[in-house]
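Could you have a look at this structure, given as structure tokens, before my questions?
We just call them A, B and C in the order they show up, numbering each chain from 1.
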Amino acid sequence: MEAMYAFFMDTAGMDEMAAHITVAVIMATIMFIVMALCAIIFTWMERKVAGFLQSRYGPMRTGRWHGWAQAVADMLKILGKEDIIPAEADKPYFIFAPLLVLLGSLLAWAAIPWAPGFVAADLDLGLFYIFAVTSLVVLGILMAGWASNNKWALYGAARGAAQMVSYEIPLLLATIPVVLYTGSLNTQDIVIAQQGGVLNWFVFRDPFLFIAFWMYFIASIAETNRGPFDMPETESELVAGYHTEYTGMRFAFFFLAEYANLFLVSMIAVMVFLGGWWSPIPGLDFAPAACFVVKGVLMVFLNMWVRWTLPRVRVDQLMHLCWKVMIPVTLVCVVGAGIWMMASGAVG
Amino acid sequence: MLEKYLPVLLVLAVAMIFAAVFLGLSFWLGPRRPNAQKNSTYECGIPVRGSTHIRFFVRFFLVAIFFLLFDLEAVFLYPWVLLFQPMLAAGQGIFALAEMGVFVLVLVVGFVYVWRKGGLEWQ
Amino acid sequence: METILFWLCGALMVLGGVMTVTQRSAVISAVWLIFAFVCAAGIFAILDAPFVAIMQVLVYVGAIMVLFLFVIMMLQGPVLDNEKRRLLKLPLWPAVAIPPVAVLVLVGGWIRRTGTRDFGGTVPEGFGQPAAVAELLLGRYLLAFELVSIVLLVAIVGALAIGKEARKLPWK
């Protein structure tokens, strides 16, 4: 980032504002491309993981080696699909809803620190900002369900929104103990505070943080509407949930947003609990961005493993788990981490 | 100040442009052969019966309002969290914990009340 | 640059407000209200108050509007009897519109008379940053902060009471 600023200001002779704008546009473009790549790679990965977990192969033909080109082919195919807008739909909102879902997740990506100094929007309130903009996703889903004018879509959207807002509370509360330690919401500061090997990562700092991490993990699965919490799209009862009426590119946006969100929550887990760009062994930090991405992909794998292993829960079980188990436990974690910090005299 | 939030605005703009490009591309490549059957609402393939916008289960309202209240609680925890370390360093740790303890305790009372009254059941 | 963005956000927010009150469908009104809220968050961010800006998005857009949408969906269909409907048709809008316009006129008049555009306040270092907000909230305004929890408690009890009552309504 610094190097980019220096390049645009000194070599290209821009003033500070122009350099800022140029760098931001470049970063945003990178984000979007990485996000699109993510969707392609993770769809393939999901199908392979699902296949192997269920003792089958998954895609094997397209592109010869383990069907690696399957997702690319799917993406190209979807470009050539007809974009159907149902006659009953509320047109402008039907069109706008997938964009809102995509925007919510891409805006949150902007505050993710990939490597020291390499973050599109370096905000003092970074973590807070991430949680704020992801709430746009909920609205996009509600809007999609409403505008489709389809009973299943609407019901799926209402379920999805209820689930996402419920699990947002444990998600917020689970990250609070970490912020107690860092004393800052800046995403880079949170990562920097975890320097020095695996034992300095926040998961292993104290027992409450360890519990908070798993609470965060469960809440993040629910937040991305994936199994075993995929109530919004239960295909056996709601056709496909809130995106039943969507086709072609607009459907692809929902799809893209789902995988972008999956990687987003995984990256937040890495950033907040798993040491961000630091490698597990102190002193081996020659490739911070690679380290960050590898950890993120491992979290995604864990998420997929859970999805394809556990059966879907019922709505009442889902709400029960959130309100009666996770919220009390995360609250205890917050208070416990505070007391632990005071008792152990650990600061910073 | 502004230069910190400018990237956010630009990410928004870039995302919009990319989305528009992809939609345009699919509009250009894809076929457009609408017919009444295709444009009808898909509810398991049978003709649609009744209005979509029926009234909703009151549970959703309760979830949304409890979410709002507990979300506010979490949001109010954040300023406290940011102040905890300075206060700890200044030897006011007990005071800091008490400040939040009172706040959380009042809400826990409300939470227990709702729980006991069955407000958290999904029936 | 800041001035341009400020006026842009302001103009879009007014547009959002106008669209909110002129829509027939309550859901579409709510969508425009979200738009207005996001613009308001933009204005807060420009005015060196990032904490308030993000609160605006997190609480108003993320929580209150979801609640609104659920309530609107819940109240679809014939909830109001004719008596109440007639009340709604009364031309009550002046009662809502006059006070804000009056305030605007008064403030505008005051600015004209005193000829001042500088309201005297200088923003201290770190103003609006999370740490500064936290210090005020947990220092000077500690009592108010603790009272918020009481307000939330009352709201929880109230919501539960309304929810129980609403369960008795006839469902369609």
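By our rule, contacts are C-beta pairs under 8 Å (C-beta built on N, C-alpha and C of every residue); 3 or more make two chains touch, one makes a residue touch a chain.
Because the structure is predicted, anything quoted here is derived from the model rather than measured.
Set against one another, A-B and A-C show the most C-beta pairs in contact at A-B.
With centres taken as mean C-alpha coordinates, the chain found closest to the middle of all protein C-alpha atoms is B. Put simply, the C-alpha centre of subunit B and that of subunit C have 17 angstrom between them.
Chain centres here are Cα averages; for subunit A and subunit B they lie 14 Å apart.
Once the centre of each chain is set as its mean CA position, subunit A and subunit C turn out to be 29 Å apart. In subunit C, 1, 50, 55, 58, 62-63, 66, 70, 73, 130 are the positions where the chain touches two or more neighbouring chains simultaneously.
The set of subunit A residues touching two or more other chains comprises 17, 123-124, 128-129, 154, 158, 161-162, 165, 168, 185. Contacts with at least two other chains are made by residues 4-5, 53-54, 56, 60, 63-64, 66-67, 71, 75, 78, 82, 96, 104, 111 of subunit B. By the touch criterion stated above, subunit B contacts subunit A in their complex at residues 3-8, 10-16, 18-19, 22-23, 25-27, 29-34, 36, 38-44, 48, 52-54, 56, 59-60, 63-64, 66-67, 70-71, 74-75, 77-78, 81-82, 84-86, 88-89, 93-94, 96-97, 100-101, 104, 108, 111, 115, 120-123. If you check the complex, the residues on subunit C that touch subunit A are 1, 27-28, 31, 34, 50-51, 54-55, 57-58, 61-63, 65-66, 69-70, 73, 129-130.
Residues of subunit C touching subunit B in their complex: 1-2, 5, 42, 45-46, 48, 50, 55, 58-59, 62-64, 66-67, 70-71, 73-77, 79, 130-131, 133-135, 137-138, 142, 145-146, 148-150, 152-153, 155-157, 159-160, 163-164, 166-167, 169, 171-172. Subunit B contributes residues 1-2, 4-5, 9, 53-58, 60-69, 71-73, 75-76, 78-80, 82-83, 96, 99, 102-104, 106-107, 109-111, 113-114, 117, 119 to its touches with subunit C in the complex. Every residue of subunit A that touches subunit C in the complex is listed here, in rising order: 17, 90, 93, 123-125, 128-129, 131-133, 135-136, 138-139, 142-143, 146, 154, 158, 161-162, 165, 168, 185.
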